[in-house]
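Taking it in order: structure first as structure tokens, then the write-up.
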Amino acid sequence: MTLVQFVQMFVNGTMLGFQLSLFATGLTLVYGIMRIINFAHGELYMLGAFGVWIFIELLGMNYLLSLILSMILVAILAVLLERIFFKPMRGHHIPSFIMSTGLIFVLQVSILSFFGPKDKDVYTVFPGVVKVGGASLSVERLMIIPISFVIIVGFYIFLLRSRSGRAMRAVMQDPDAAALQGVSIDKVCSLAMGIGGAMAAAAGGLLAPIFVVNPYLGPPLTWEGFIVVCLGGRTSLPGTLLAAFIMGYVKSFVSTLVDPIVALMCAAALLGIILILRPQGLLGHEA
Amino acid sequence: MTASHSQPILQIEKLTKRFGGLIALSEVSFDVREGEILGVIGPNGAGKTTLFDVITGRYRATGGKVFYRGEDITGLKPHELVQKGISRSFQLEVLFGNLSVLQHLMLSRHLHTEVGFLDSFFHTPGHREREKSTEAKAMELLTFVGLEDQKDKTANSLSHGYQRSLGIAVALGTEPRLLLLDEPLSALSPERVDVILDLIRTIRDQGVTVVVIEHNMGALFRICDRVVVLSVGEKIAEGLPEDIKENEKVIKAYLGGAVVA
Amino acid sequence: MKHKNLWRKRAGVLAVILAAFFLPVFVKSPYWLHVLITMWTYIIVTASLRFTITMGEWSFAHVPLMGMGAYASALLMMKLGISFWMALPLGVLVTAAISIFIYWPCLPTTGTFFFFTSFAFGEVMRLCWARFKNPFGGTGGLVLIPAPNPIHLPGFPIIEFGPLYKIPYYYLGLVLMLFSLLMLYLLEGSRLGRVAEAIKESNLLSQFVGIRVWRYKMVILVIGAAFAAIGGSIYAHYTTLVLPVDFYWGLGVYIVIYAVVGGTKRFSGPIVGVILFVLLRELLRPIVMYVPLVYGLILAATLTFLPDGVTSLPEKISKWIERKRMAKA
């Protein structure tokens, strides 16, 4: 392994780490607050990517505007899904999982019927290359880091400082106590889904220029997302961030040094091992 | 009723249980004599149910040992202990909700039913014979606790009092020599309390040692031979009911205030 | 009265079975025979999944284990030259043995955890097929899997299996399906089934009546895997091609949908579920792209309005009639 390779793998891993951070934080929120398993989260990511593609390639809009608009639209959809489908399933893991797989089909096929199965390309938004340690890194990939960082920090500020954020944290810790204190559980659940959807869409939109866009982006990422959530601790947001980066680096390094399939095997094995040996994850503290 | 007191049926030695930072049991030691009814009392959070959980293998002890008839049973799993003759009921009803009362008892006779698997698979006449005898024994137990009329009702549809009796019947079905009852009298009407107390006495008269956790001390003291008192995970007193009633430490523990050194 | 109903039920089942045996007399189209053959296969896999659910856990390694059965019997025939009629049972045994390794680490977990860990280890196994070209054929899978060896019965013409002869496959699938269903039905009615019920109702109380919960769970899971392997084997030797992607998690979801919509509370649930969806798929052939969408909507509708599935409908209707009658009285 040369320095160039190492730098590339490291940057790649960091990028994947940010992608997973955005994606999995939404999952942790949804699980922590609603106690459901939403397997269709990946479809929100996919819709975010499609949104950006539509706005940039079909409507010629500016990238950042496309991203924001995508995030908003997906957030609205996520809230609708929550109100219609997930509300009665709060607290029920397996029924919500099954229901969400039905939603995967619905969303995937809807996109398929409008846009077809072929890969779509979003052309490079940030052209250029930067040389670090002898390695050529595309600016496109590097830009993901600051943008994701801003979104994540923004989210944390919201969570820690705003009233709604505090309400969310209260429900995550103890829903009954929160309800007694006047927190509207329904509103918090919708908020969680909305924010989760927005962040998933952000991840999708950010990665759109780098990877291809097609209707099938969702499920593989959803599995990775769940691995991250379980690894970090299902109700621990800092845990999710930590696990997202661990996962990102593992994927990046193992894919390049060994084999992409082995990387997937490692991820799957990791999921199993964590759930058996330490079900509360790295930073979680659920009994 | 056994007269042999040579070896206590249950010996608890310095039993300790920690849950992370919380110490639920701290070096609790006492013996249970064969054939007695031992009461376990203490304010809320004293660790009484945890004591049962650790003895019966539901949780692993952090320290200390448990001996049953001289054998070290610390760390054994619940199903192994049931095989050895220790059985328990639960404070909050643990039942097979959608199954009928009779099915509960048939299952509780699981260990004592020599049903060969192949026989049950093919429903041979031998299997049906043994089913019949298991059902007869199950009905015996149901009559003993007064549930014979409810045999086809699902556990979920039973009233609180009947559910309680069912829990005890299931625990008895495994033919225990040591029965641990966790708050069998809670939320029962005075009439039902008397019924259960009679039941416990009869169970003991048939040779089963009984340990009872209870909050209803008035009722408990009517039937138990000795009492152990726990408070904040420690044993603070042990002795005859009359003495415990007057024990200063015990009174303080119940009235609140600092842990008595 | 009860007896009469029982015999009526049994007569009904017998009639359906006889109808299935005589169907090829009326249905000659190879296309529909193909549909029916796949239907038999899916019924075996869905019914065996439902069998494992009776003890209260949903396994997501079930379909990968079906795949293991497919690969096992195919490889036994291709690499060791064994006859199909030996490869099938051997493949089942191999899969059952492998399922022990997959499920054993999962036993400490329950509910969603069990679900995810069983997925995780099943996925590791499935990725092995994709990763190792030798012997599994890698992502390209196994091709040209031989058909079952011809059957020589004295006095009968030789029964040959092959791409042009669908009828032998039809009967092979039918017989194996009926065998599997019979076994699963008897197992459920045996002591094993009773203990499974108890474990589902209360894992805790089961332990406290002396049931070795882990052991029983393992037995049930392995049995489920064995029957899934039968389904996999038929699939392999009928389609002559198996790919790792054939057994990816999406198929697992479909099987779950069949079971859930059919109803997991009754034995007939998975059978009804598979039949409904296979027929539905044929109806939707002109708009095949929308099939997942319709499946998803049906699933959502079932979970919302009829959570115990289609087979719970007769019971619900009779209860409703009973209530109306009581109200009138």
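We call the chains A, B and C, going by the order they appear; numbering starts again at 1 in every chain.
The working rule: a residue touches a chain if its C-beta (ideal position, glycine included) is under 8 Å from a C-beta of that chain, and two chains touch if they have at least 3 such contacts.
This structure is a prediction, so every number in the text was calculated from the model and none was measured.
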Joint neighbours of chain C and chain B, given as chain labels: none
Label of the chain whose CA centroid is most distant from the centroid of chain B: A
Central chain (distance from its CA mean to the mean of all protein CA atoms): C
Most heavily contacting chain pair (counted by C-beta pairs in contact): A-C
Separation of mean Cα positions, chain C and chain B [Å, integer]: 43
Distance from the mean Cα position of chain C to that of chain A, given in whole angstrom: 34
Between chain A and chain B, centroid-to-centroid distance (C-alpha), Å: 49
Residues of chain B touching chain C in the complex: 56, 58, 77-79, 82-83, 87-88, 90, 94-99, 103, 106-108, 110-111, 115, 117, 120-123, 170-171, 173-174
Residue ranges of chain C touching chain A (in the complex, touch as defined): 58, 105-106, 108-109, 111-113, 115-117, 119-121, 123-124, 127-128, 130-131, 249-250, 253, 256-257, 260, 289-293, 295-300, 303-304, 307
Of chain A, residues touching chain C in the complex: 37, 85, 88-89, 93-95, 97-99, 101-106, 108-110, 112-113, 219, 223, 226, 230, 259, 261-262, 264-265, 268-272, 275-276, 279
Chain B partner contacts - residues on chain C that touch it in the complex: 186-187, 189-192, 194-195, 197-198, 201-202, 204-213
